[in-house]
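What follows is a group of structures, each given as structure tokens.
Same chain, two partners: chain A is paired with chain B first, then with chain C.
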Partner chain A sequence: MVKVYSMTSCPWCVKAKKYLDSKGIEYQNLNIEEDEAARIACQQLSGDLMVPVITANDKDYVLGFDKEKIDALLGIAG
Partner chain B sequence: MSVYDFSAKNSKGEEISLADYKGKVLVIVNTASKCGFTPQYEELEELYKTYGERGLVVLGFPCNQFAAQEPGTNEEVQTFCRLNYGVSFPIFAKGDVRGETAQPLFKYLTKEKGFKGFDENHPVAKPLMDALQKNFPEYLEGDSIKWNFTKFLIDRKGNVVERYEPTTTPKAMAKDIEALL
Partner chain C sequence: MEKERRKRDVVIIGAGMAGLTAALYAGRSGLSVLVLESELVGGQIANAAGIENYPGFLSVGGSELISTVQNQAEKFGAVVNEFDAIVRVDLSAQPKIVETESAVYEAGAVILATGMKRRKLSLTEAARYEGRGIHYCELCDGQAYQGKKVAVIGGGNAAVDAAEYLSKLAAKLYLIQRSELRADAASVNRLRGHGNVEILLHTEPRALSGDKRLTAVTIFDRKAETAKELPLDAIFVNIGVEPNTALFADQVKTDKAGNIIAGEDCRTNLDGVFAAGDIRTKEVRQLTTAAADGTTAALGAVKYLRSLN
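Entry: the complex of A and B
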């Protein structure tokens, strides 16, 4: 399952999630403002508290809304 | 007239008079909620920590007017938000800072200190300028607030001493602040 670490008032998170929606990719939305476990997991994964962070395997991730990198990470055909 | 004639709602919805800060040196800043220029949050906090004991107070006014808008797609412009912790200076309620709906305090501040241009040496100056020209040309007109993290320096008597655009880092204000303390 793809995970998206996000925050409520983060326009880039909205863009990233809309992009995944548009590609028909299902994901679990994890709000690091509201969910402490998600916050810890996000920090452990990326070393910081910046979002959006997208990961499919809890190891490789993309920080920020970068379509090319998201495509590469998730194997989306361009 | 001075900033002490104005009041604003705090995050709990209580009306706070700026006269409560009489005798302090103030930095009044419109903040992004969580996005864009976030390093400025940290630097503002540093200023507050460094000079707080000597009488500096930073007052943050979150504003959504620029929040959903990104200054272009330039690579220098970040596409992420950082969760901010440890901001200990007062943050007021969300409100507008430009246009007809702007809070009276910001109408006053921009009247006192007009727009004198961006610091073109700042890496964000060009993409910000390009984005404004392309998407929000009306923002560039007049003395209105152009973007998040426009900072106003107020002396101990409530006079507006200086205005700093988003392209001036809080750190770069340290000398001016010290001169007023």
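Entry: the complex of A and C
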């Protein structure tokens, strides 16, 4: 399952989730402001608390909205 | 494989307040409308936590306001695409050509509403620390600096609003501005009300230091002509904006600053090409004037398209 670490008011998080929606990719939205476990997991994954962070295997991730990197990470055809 | 060719009455480049207002008006006029945006829908206000100077709202979040305008535009048939980047435009042709990664759009009229982009910190070592202490989105990256020492560089409304937002997260917040503050008094007074805020005027960053991440900034007091090192975990840069015209600067006339030359009627030097919002030469750049430009440009496009038939 794809995970998106995000915050409510972060505009790039909104854009990243809209992009996944547009590609029909299901994902789990983990809000690091509201969910302490998600906050810890996000920090462990990326070493930071900047969002959005997108991962599919809890190991490789993309920080920020970078369409090319997200496509490569999730195998989205251009 | 050759890209699909698609016809639209109006293609609007940029989905900030000007572009989306233009989409609303053009859509209501019965035109087929495509809005293309490569960055954030909402443009500069996507990052705004609370807007208090847009009539009709006591205070409204930038993303909330802009998504309402987007919904209005979409209700009247406009399509907003924020994932199909433009690769080429030909604005002198008729129809005008806007080529994206996936299609070639033939447009009767084009409205340029690409607005402004945040100016980057000009220190040579800034790129090295980008994402590691130098940031441009407080709403995305501010959370990483809870309890830390943070500075905002800049003195306009966006800088002061960013400082106020970050002051609620940071242990210590510096607002560093090379001259006087330009933000409105209401915002400045609210910021001064936070006990952890220190405003350093006539001061500018001169050097950045830190191993893997930013740990300190050398600041220079322009009045006293003295420099000192300030331990800092992050800088959020808000030092103004510059016109976003890379796609078409060689096709429409611009002034020295790069703004598209167009009068109150939003007409550029090219027939059927309109400029709306902050990208246009104008005295006052506000959300309200962007909405006004969007209206004028859309109605100008309607009139222009009628003149072709």
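The rule is short, and it goes like this: the second predicted complex is superposed on the first by the 78 of 78 C-alpha atoms of A that agree within 3 Å, B and C clash if a C-alpha of one lies under 4 Å from a C-alpha of the other, contacts with A are read in each partner's own complex, and residues count from 1 in each chain.
By definition in this document, contacts are C-beta pairs under 8 Å (C-beta built on N, C-alpha and C of every residue); 3 or more make two chains touch, one makes a residue touch a chain.
Keep in mind it's a predicted model, so treat the numbers as computed, not measured.
K.L.:
Can A:Asp66 be said to touch chain B (first), chain C (second), both, or neither?
P.N.:
So A:Asp66 only meets chain B here.
K.L.:
Per the contact definition in the header, classify A:Lys18: touching chain B only (first), chain C only (second), both, or neither.
P.N.:
In the superposed model, A:Lys18 contacts chain C only, not chain B.
K.L.:
Is A:Met50 in contact with chain B, with chain C, with both, or with neither (first, second, both, neither)?
P.N.:
Both partners.
K.L.:
Between chain B (first) and chain C (second), which, if any, makes contact with A:Ile32: first, second, both or neither?
P.N.:
Touch status of A:Ile32: both partners.
K.L.:
Looking at chain A, which of its residues have contacts with both chain B and chain C?
P.N.:
Touching chain B in the first complex and chain C in the second, residues 7, 9-13, 32-33, 48-52, 63-64 of chain A appear in both lists.
K.L.:
Provide the residue numbers of chain B that touch chain A in the complex, in ascending order.
P.N.:
Within the complex, chain B touches chain A at residues 33-35, 67-70, 78-83, 85.
K.L.:
Write out the stretch or stretches of chain A touching chain B in their complex.
P.N.:
Answer in residue numbers: 7, 9-13, 32-33, 39, 48-52, 63-66.
K.L.:
Quick one: in the complex, what on chain C touches chain A?
P.N.:
On the chain C side, the touching residues are 40-42, 46-47, 49, 61, 63, 82-83, 101, 131, 137, 139-141, 143-144, 146.
K.L.:
Going by the contact rule at the top, pick out the chain A residues touching chain C in the complex.
P.N.:
So the residues of chain A touching chain C come out as 7, 9-15, 18-19, 22, 32-33, 48-52, 63-64, 67, 78.
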